[in-house]
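Beneath this line is the structure, given in structure tokens, with notes to follow.
Letters are used for the chains, namely A, B and C, taken in the order the chains are written, and counting of residues starts over at 1 for each.
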Amino acid sequence: MGNEIFLVVEHLRGQLRELSYTLAAAARAASRSGEDRVTAALLGHGAEHLADELDVDQVLYVDHPALAEFTSDAYRPVLVGLIEAHRPRAVLFGDTTIGADVAGGISARLGLPLVSGCLALWQEGAQIQYLCKVYAGKILVEGELPGPTALVTMIPGAYRPEQGRAAHPAEVKSVSAPTLEKLRVRLKGYVEPEVGDVDITREPILISVGRGIQRQDNIELAQELADALAGAVCASRPVVDHGWLPTSRLVGKSGKMVKPKLYLALGISGAPEHMEGMSESELIIGVNTDPSAPIFGIARFGVGVDVLDLLPVLSEKVRAAKAG
Amino acid sequence: MSAGMSRALRLQRLEELLLTSCDGRTSQELASMLDVHRTTVWRDIAELSSQVPVQQVGDRYLIDRRDYLSNVRLNKGESLMLYLALRRMLRRGSKLPPMMARAMEKLSLAIRHPSSVQLAESIQIAQREQPTDVERAKVWEVLLQGWMEWITVRIRYQGYGRTVVEEHEIEPYFFEPALLTEGVYLVGRCRQGTGLRMFEVERILSASLTTRRFERPEDIVVDQMLKHLWGILYGEGMIEVRLRFHDPVLAERVRKTVWLPTQEVRDLADGGVEWSAQVSDPFELVPWIRGWGPDCEVLEPPDLSQSITQIEREYGGVTMTTALHTRTASFSQSFYQSLLDMLDGERIRICLQCSSCSGICPHGLAMEYHPRKMIAALRAGVFDAVLGSDSIWMCVSCYACTEVCPAKIPVTVGLMTRTKEEMLLSGNVPPELQEALERSQRYGNPLGESPRKRADWAKDFKPEIPIMARANRPVDVLWFVGDYASYHPRVQHSTRAFARILQALGVDFGILGPEEQSDGDSQRMAGERGLFEMLATKNGQAFAKYRFSEIVTTDPHAYNALSNEYPKLGVSYPVRHYTQFLAERLPDLKPQMKQELSATVAFHDPCYLGRVNGVFEEPRQLLRAIPGVELVEMSHYRENSLCCGAGGGGMWLDGFQWEKAGVRLSEWRIGEAMRASGADGASLRPPVPAKKRRAKAAQVAREQERDRILAVACPYEAPRFEDAVKMVPGADKLLVKDIAELLADCMGLQRGEP
Amino acid sequence: MNVVVPVKLVPDLVEELEIAPSGVALDTTFGCLVLNEFDEHALEQALLLKERSGATVTVLAAGPEAAEEVLYSAAAKGADRLVRIGADLPRPANSHALARLFGAAIREMAPDLVLIGVQAHDSLDGPIGPMLAEGLGMPYVGYVSGVTLADGCCTVRKEYPGGMTAEVEVDLPAVLGIQAAEQPPRYVAISKVRQAMKEATIEQQTAAEPDASGAAAVSRMYKPETGQRAIMIEGDIEAVASGLVDIFREQGLL
């Protein structure tokens, strides 16, 4: 009897989140094909076909009005019930504002070990191995996923979503929901980010600024380069926290996922939350005076000079190259 | 512009129009722009031509800018004096009569110096904020005409604090700035009586010319007349004003200064003094009396005393001892008291409100509450307003204010730093600075670098640089390196240069390396006394572990802290700045100075080495000793050196200060350096007749080969000035070098990485 | 309104991190510990709530001596009560252990609201917040960047990707995982901290060593290989800029 690998599907406002495909790909990586079974746990309301393109062997669908949108208080008891009933080998969550809100609680409740921030899973012998990032990506950790059931939160972008897509939908099995009443967490509504601004997810060239830009008025230098390259300026968390750029320009876990042709990371160290948002970019170039900055771990090219020194010279050369 | 605009204003407008057109304007254009007839324009142009060089080209009129200002030539010292005088006037005048503003503008442009442009601009800004007062302009026009052409004028005048409006006919003799306040007085003979009378121009409501001319007295000796004047009241006799100053320190000041020529000063038993004088109009003294704050008590006349009490009541809280109200303990009071408790702090009581501090403050114009105003607010009991503003963070603790204060008030340390301390205590601190302070606390340096890497700059040195903890032996010299010198890539060049010099001299030295903490002086001046004490204590503990004869430091801020502040905490060692140390060893250095450096060098006196600690000569001795170096001085040098903007937290407030001031002090200074060193290419410019061209070309070639260098001796400066060089147009020829680097170069010590 | 802020110290990333000889843990002799950045935000948010609604703020720390400095600093910023748990215990092995340690102490305090940093960079076995909430029987909402108190409940701003946020109502008592406070953590002058050291008291609470189960075993801990790293373009600014332009051209980006 093979293992069952669960994954907890994430959706938002009726749309499946790309992370769900990543989880599917991860689940496949952790399973032995033919022997193990990958099961998607889909919680929602009128959402049974949401997981149709997910590469899983079956979908356990729990329908309840209270599950229409994610709240930790509604999801947790449902997942607890499913896990207790099925006792899977592993349960994969997203390391996200959805998955991370519930994984820990379930771990505490059921006494199941939790591994967080996972980059990869694979089979070795009869065991599943994990690889995780800690200390903002400066250290990597490997180990064996403890049995009989372990919970894992996967970093978005750990696997390419394409790897988790299936041509044909898997069988959807309805599971009745437990009583969900007196829920202590209630979603009132979503608030869109500021509109009328550049949609950085659509820009092919992104010039991204981080702490290394040092001051708000230096962002102008980055804008000049963006103008020269016909791209747009985006940012990592510290810049947005300071209010130097609006949240619509934030790239990362709490911001946007971008996949431009060129992602130029200026003065960005490469915290995992940020890298999540841009690791799929076609060409990543990092500019940072710290040679050990994690950004250089995913960038194809790197430059060790000071951002503020480089920008004016680079803008000049780009303009010249385009003209001549 | 329409009817009602006085001629004076129209002439001014005409001048502006002619100045601002490159190709000139026709009389028709001018007529329509000024809304007058062409004949009026011709008359005006004729009038204007007597004052400014109006040219006519065809049917167009214009003013050639090159001729416009050509009549005043000032040398550097004269420029500075004029500049300071203008700054002082600007600071004092809250309302500039339009003509004064124009005059100041023109004069400021006569100072051939980039900062004069900023001065002219600020005058324009100050002027722009007040709409042109047509009534005032008319009054001035009449008075001026009467004065120049000896015509009696009729005026309507309302004295200070009076409701009745008097009418007078006067013969205007001369104008005089008010003795104690900001106004201007017209002095003339009143026709309705005998003798001279003074009228504050601002309080002349209206004026008109009569048809009578008067005979000008043969000798108008202004000073003599004024002496009498202050004591003579037209027709009503004198009024005695009596004041009592209780405080002995103030009393001293009052005793020693002649405020009014007719004053009498009587000592009191309690150490105070009683001051009395006969004046024509006691109410003229109100602003001056209020400037003394609560320490001045008005004894006579009673209505003056009541008036002052009334005003104080309006300000709330601060009262005089004779008043009916008791003192309220507002924050201003306790803060004021805390200042008085500082060393020399009581001197703040004798502030004259002369505005020298605000005038010389490099950022004074960009501060909502500049130093003089801060003291005024303190006395008026409204200091909370100062703490509510963030202008204190413009202070770069350069000590210029302390240097010029005639009352010797410790403005920088006593007022500015204490205010910053209050701001920090209430959490009111710009984020850049907050980060630097938090990093200093956590990592022992404001850059946030790992303390373990503090000596990494010395890693590959051969011979090895002894780190005290490892070397474990006594040394002659403990070299206190400092934060930026240890971590900042640009400054590390200077650090390595100095290390090589020490090795070349065979000096037995060592460094603390990772045990060294920031000296803490800039953090102290930025208001973090607690942090300073923490860092000083740690450094003291490190010093105590080792044996050495003296400390030498490459950092003037560390020099200041170690010499003047650390001993107060019980950490006391002989300390010298590296320029002093090396100057002493010139006989050993000179034989090693084999390489000639063909350079014109201007030395920037660091605030904390020069102005604060009086070390001016040694750096210059070192520079003069370098063969091939021509040492020049910038317009601001020695005690008058212009701060680079990094002190008092300024190094970590660059964005904030730049946004408020619009210009960086370091960029300002680069302009001076360019001029002084010839990096602006001025010596290469003048056109040359054919005969002299070859000689000139040779000279030009020689000149071009010379390096133009701004020499520095403080670790903040090299990066700051190099950044400024990038920002100032045409500054690319100017090099910025630490004295250590220049010495190392001329000693042929290894360049680049060891 | 009783707000509790449990905080923890984590290794400072400014220092080089070294692996212990065992190969499965960090070498703790190197480096220093700092307050977890997100816990700093949680504290700031608690202080803001105190300023707005007059809540009392209790700060809780467990672990090595550096915790005391953090507590005094919190007091200087305005925290009302300082508690240190298990001063004599070894450093809690993982998040699960710390969550249990905090849970036992917090249960006694019967708070209305617990604010904790949403994550920390040393939590291989997950963030503490959700586990703590489960142990206390309270609801949990994480990635919170704004909190408004009401009667018996609070409304929080929960961050979602794409710059979107959700308005979520949570019944009190609750545990909130703070992503960012509504304003950056305030500065506290050292003199104030020193004053707090003299005036404030830290309550010491004893505790039993907590159960550390719930984490996975580590078989190997290492630094990422430099082989995977970017190709560095060398040279001065001019050379580098030219190199970049060449790359842009090759990629058809010009």
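Here is the rule we go by: contacts are C-beta pairs under 8 Å (C-beta built on N, C-alpha and C of every residue); 3 or more make two chains touch, one makes a residue touch a chain.
Computed from a prediction, not measured in an experiment: that's the story for all the values here.
Trainee: Return the chain label for which the distance between chain Cα mean and whole-protein Cα mean is smallest.
Mentor: Per-chain C-alpha centroids ranked by distance to the global centroid put B first.
Trainee: Counting contact pairs per chain pair, which pair wins?
Mentor: Of all chain pairs, the one joined by the most C-beta contacts is A-C.
Trainee: Quick one: chain A and chain C, Cα centre-to-centre, how many Å?
Mentor: 21
Trainee: Approximately how many whole Å separate the CA-defined centres of chain B and chain C?
Mentor: So the centroids are 47 Å from each other.
Trainee: Chain A to chain B: how many Å between their CA centres?
Mentor: Those two chain centres are 56 Å apart.
Trainee: At least two partner chains per residue is the criterion; list those residues in chain C.
Mentor: 184
Trainee: Please set out, as single numbers or ranges, the residues of chain A touching at least two other chains.
Mentor: 242
Trainee: Quick check: what residues of chain B touch more than one other chain, meaning two or more?
Mentor: 431
Trainee: Residues of chain C touching chain A in their complex?
Mentor: Interface residues on the chain C side: 11, 13, 17, 19, 26, 95-96, 99, 118-119, 121-131, 133-135, 139-143, 155, 157-171, 174, 177, 179-180, 184, 213-224, 228-234, 236-238, 240-242, 244-245, 247-249, 251, 253-254.
Trainee: So in the complex, which bits of chain A are touching chain C?
Mentor: 12, 71-73, 96-97, 100-109, 111-117, 130, 132, 134-146, 150, 153, 184-194, 201, 205, 229, 241-242, 246-248, 250, 253-257, 261-262, 277, 283, 285-286, 291, 294-297, 299-305, 309-310, 313-314, 316-318, 321-322
Trainee: Over in the complex, which chain B residues touch chain C? Could you list them?
Mentor: Interface residues on the chain B side: 421, 424-425, 427, 429, 431, 434, 437-438, 441-443, 448-450, 452, 527-531, 533-534.
Trainee: Where on chain A is chain B touching in the complex?
Mentor: Within the complex, chain A touches chain B at residues 214-217, 242.
Trainee: Enumerate the contact residues on chain B facing chain A in the complex.
Mentor: 431-432, 654-655, 658-659
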